[in-house]
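The two complexes that follow have chain A in common; it is paired with chain B in the first and with chain C in the second.
Right, the complex of A and B next:
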């Protein structure tokens, strides 16, 4: 019996048991649809999270002190770049967009009247150059109230969630208690100039921005900055960019270049965890499809035991019977895969266009990803191909056991058996 | 004639008065100089009075803020100026320990069986929500090593004559760039202290009360600490009992001992 005949027979069998075929293919389709949607969502989150990291926290890469990275969470001023302006100029001379920042931690103190309550909260303060910070970062576009910073003023910008939590409005006075580069306690009195509503939850929740020059004076930085950030360049890959930066600081052994992935190790770790969660989704899909397909094939072989016995009695070989049944399973997988892909494409299109509003969830919990409010899906075409292959393969694999069982039964037993 | 005599008598009286004043000044100025010790001497005696070879104290910390008043109790051990161990005994924090060595501060949480070395911003965090930061526990170098001290004069604090000492940091590795301490002129114990930020803003105030002599040391049994940047908030540290010069196990201030 030729393969063409076997495929034809399998096709006829699928059409003959149309309802069963559609139900089983539906189970496969639902599993694959789930896989495609989850993958799209996770890919979308990762892309947006990475973009928000680069646009608001790290730039594409930074020049930092060699000792800074290990203690970055403590924002240590002792590991600062002494001649920051010179290093920034070197980078800019190589055609890179660069800006320096002084990032430090402090306690934000507010007093009742005008604030609703006395209180304090730990914050991360970013001393930024108001004139060239937007060469690398995207803060000015996110001012939701008030104005952006003016250089040399005791002004501050607050993240929107932080401002909401403490009841801050434009014009309110705040005090930052921190330590100078040498370790002395210092207080910095600032006035809220504006509120920033960024798509980055870390910035919204804990960030205060102030002019770099003012921060430098209060912190006794003497021309030093904690980081010099560089924007990503069109036509230059990240390794090329960091290599170029490395060349520019080659004469400074106490400095190093770190790309955004190294700087945002926490977010990258979450992205890696996503890989395993995708694997878990795939496993669920496999289980759903496997149960559906194996059940269908088992039922169909049991129902058709006499028929299979007859086919074998009139000369059809076991291998041919087995191949017919496996082709049937592959057909179910293919059909389920196609339905899953069509539905998945519709779902992904909807998620890319409208997104899912996770606002309240992300507002109240720190999920690590740098995304806020609405999370959009992303097109990941290889996943569609993978889904189709997975649908067919698992259908065939799970059908194998009941099919083999059916052909191992003797022809006489098969013919005597009543369904 | 009479006028001449009168002038002569006045002149004599003036001479006598002048000599008397001169003699008095000549006598008193050296006496005053002897009576008023130098700022360094005052700080040295202040430190000698508060540095015990070893001590064990039962302490109650009363935190009073906008959430109300709450108490924590602890046992505190110290050896010299460098080493201290605080073990909380109140129900909510029972078993938590804070170890201060010459260079580090460690926290131990029994529920998590976790040992945490405090550094960076964590040192600025409040201890159990009080007005005392972990950093305030750091010791090490003496005041005279780290501060330039000057005697501003004398002032009355709660009816006691005190020396007002201003301390300007000469070592950049200290937390407070300026402190002012009012030292009791008789007992050489601090009656009040203030800590300032580099900007000149007052950060903290401590008032020492109920000073008692214990084993030759003047010990303030009650200290009220206020964070000047937090209104309506104060922390009272009350020493319920203290033994000075007690025998302490050599390993008490070790990391190994901390998690036991």
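Right, the complex of A and C next:
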């Protein structure tokens, strides 16, 4: 029997019980809609999170000391780049946009009057060059109160949530207690010059920015910096960029290049978790389809037991009967897939345009992603194709058991069976 | 042509055994118009199923034109039915989503023959059974007699050597039943196709040219 005839027969059988076909396809469509929306949301979050990491924390890649990465969370000053200006100049001579930073941990101490109460909190302090930091990062655009830093001043910028938590305002004095590169305690007195409200929750929650030169003096860095960040370049892939950077530091064996993925291992781990989230949604789709499609095919085969018996009696092979029934199941999956894609496209368009405001949720919770407030979906066209394939494949797979059951019954039993 | 030799068939249900056929032997020549008659439980449907390669005997042989049928595997039996047998069922068993034309053509679709030939042969046989002009009707828009004519056309359209009909008039009124039998006999004479049908209807028995009587799983008359 030709495939065309099998497909035609399957199509007519699907139309036999239109309502049931549509309801089952609808169940598949809802599952696939969930899959498309979750994928869009996670893709959107990931894209924005990656951008916010690059724009506010890591740059596209950094030159760091070879020992720095392993202990990066402790912000060790002992693994600093000694001739930071020289390395930065080398990178810039290759046409790269670079800026050095001194990043260290410290305890931020505030006192009652002008602050509401005495207190302290652990923070990450970024010593940045106010004049060329924006070659790589995007801080100046995020100043929500006060002004950006001036070089050589004892000024600080605070993350918005940190400022809110401690009750800081522009002009308030703060004190940072830390250790110098040699390990001696040091106290740095600064005045809040501005508040930064970035789309990166880590910056908003724990970051204090101060001029790099001032930080270098207090920490006795002697011209050293902890990292030299490089901006991403249009037309240059990340591997090409890091390769170029590697060539520029080839003569310094104690230095290495790390791209933002390496530097932000936590975000990469979250991205991997995203894969399993999609997997869970796919599992849900599978369960919905398994219940819906297998039930529909089971009912369909039970109702048509005699008819299937007749078809086999007049010489239709079991394989052809199975193919016909599986094509019907595939038809349900295809219809469900198409409905799911259409609904999914509408949902994704809405999420891309309007997003979902979950600022209140993320404000006090560190979910790892570098996103705040409104999260937007993203178009991920391969997912639409995948959804269609998944709809068809899952429908066929779940229909297999009732279909096999139908052809395992003897022809005589099938013919005797009343609907 | 058809040689049935010492066929035995027993059905088991729990501890109970039902002896459907007990040593049935029968010869049927090509082109015969044979009724297998007997009361309910006499074994006529079982015999028809075995002749139609739908069931296996426990013992004995069935050969058609010297070819042993009992040895065929599932696919071999399906292929044999596809090419050599036509079936007419008591309750017609048409595919409700297909038109009369499509139901008849279904048999030919299984044979992978060219579409034009399928159309020509299907239209010709529908004309022959008196359904010209009704080829686009679905079964639900045909009377019982018309449905059975479609079923006969479906069985005959592939020019099978044998047509097996299980109580073909049981669901029809006597007038329609007689018309169907006349159609079958005309086709038997015209095409030389062997017709074997089971029945317990006296009218059908009268119509047959040969009557094989079964009683308690044994041939009670008309075996040769």
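The definition used in the following text is that the second predicted complex is superposed on the first by the 414 of 419 C-alpha atoms of A that agree within 3 Å, B and C clash if a C-alpha of one lies under 4 Å from a C-alpha of the other, contacts with A are read in each partner's own complex, and residues count from 1 in each chain.
Here is the rule we use: a contact is a pair of C-beta atoms (placed from the backbone, for glycine too) under 8 Å apart; a residue touches a chain by one contact, two chains touch by 3 or more.
These numbers were taken from a predicted model, which means no experiment stands behind them.
Undergrad: Kindly say whether there is room for both chain B and chain C on chain A in the superposition, answering fit or clash.
TA: Overlaying the two complexes on chain A (C-alpha atoms) leaves chain C and chain B fitting together cleanly.
Undergrad: Could you say whether A:12 touches chain B, chain C, both of them, or neither, answering first, second, both or neither?
TA: second
Undergrad: Output check: A:218 vs chain B and chain C. Expected answer is one of first, second, both, neither. What do you get?
TA: In the superposition, A:218 contacts chain B only.
Undergrad: Figure out whether A:72 sits in contact with chain B (first) or chain C (second), or with both, or with neither.
TA: neither
Undergrad: Can A:120 be said to touch chain B (first), chain C (second), both, or neither?
TA: Touch status of A:120: first partner only.
Undergrad: If you stack the two complexes on chain A, which partner ends up touching A:188: first (chain B), second (chain C), both, or neither?
TA: Touch status of A:188: first partner only.
Undergrad: Mind working out whether A:179 is in touch with chain B, chain C, both or neither, as first, second, both or neither?
TA: first
Undergrad: Taking CA centres, what is the chain B/chain A/chain C angle in steps of 10 degrees?
TA: 140
Undergrad: Looking at A:370 after the superposition, I want to know if it touches chain B, chain C, both of them or none. Which is it: first, second, both, neither?
TA: Neither chain B nor chain C is touched by A:370.
Undergrad: In whole Å, how close do chain B and chain C get at the C-alpha level once superposed?
TA: 63
Undergrad: In the complex, go through chain A and note every residue touching chain B.
TA: Listed in rising order, the residues of chain A that touch chain B are 71, 73-76, 105-107, 109, 111-112, 117-118, 120, 122, 175, 177, 179-180, 182-189, 218, 220.
Undergrad: In their complex, what parts of chain C are in touch with chain A?
TA: Interface residues on chain C, with respect to chain A: 49, 52, 54-55, 74-75, 78-83, 85-87, 89, 91, 93, 95-98, 106-107, 109-110, 112, 154-155.
Undergrad: Show me the residue ranges of chain A that touch chain C in the complex, using the header's touch definition.
TA: 1-2, 5, 9, 12-13, 15-16, 306-307, 309-318, 320, 410-412, 415
Undergrad: Which positions of chain B touch chain A when the two form their complex?
TA: Checking each residue of chain B against chain A gives 66, 119-122, 124-125, 169, 172-177, 195-199, 201, 203, 229-232.
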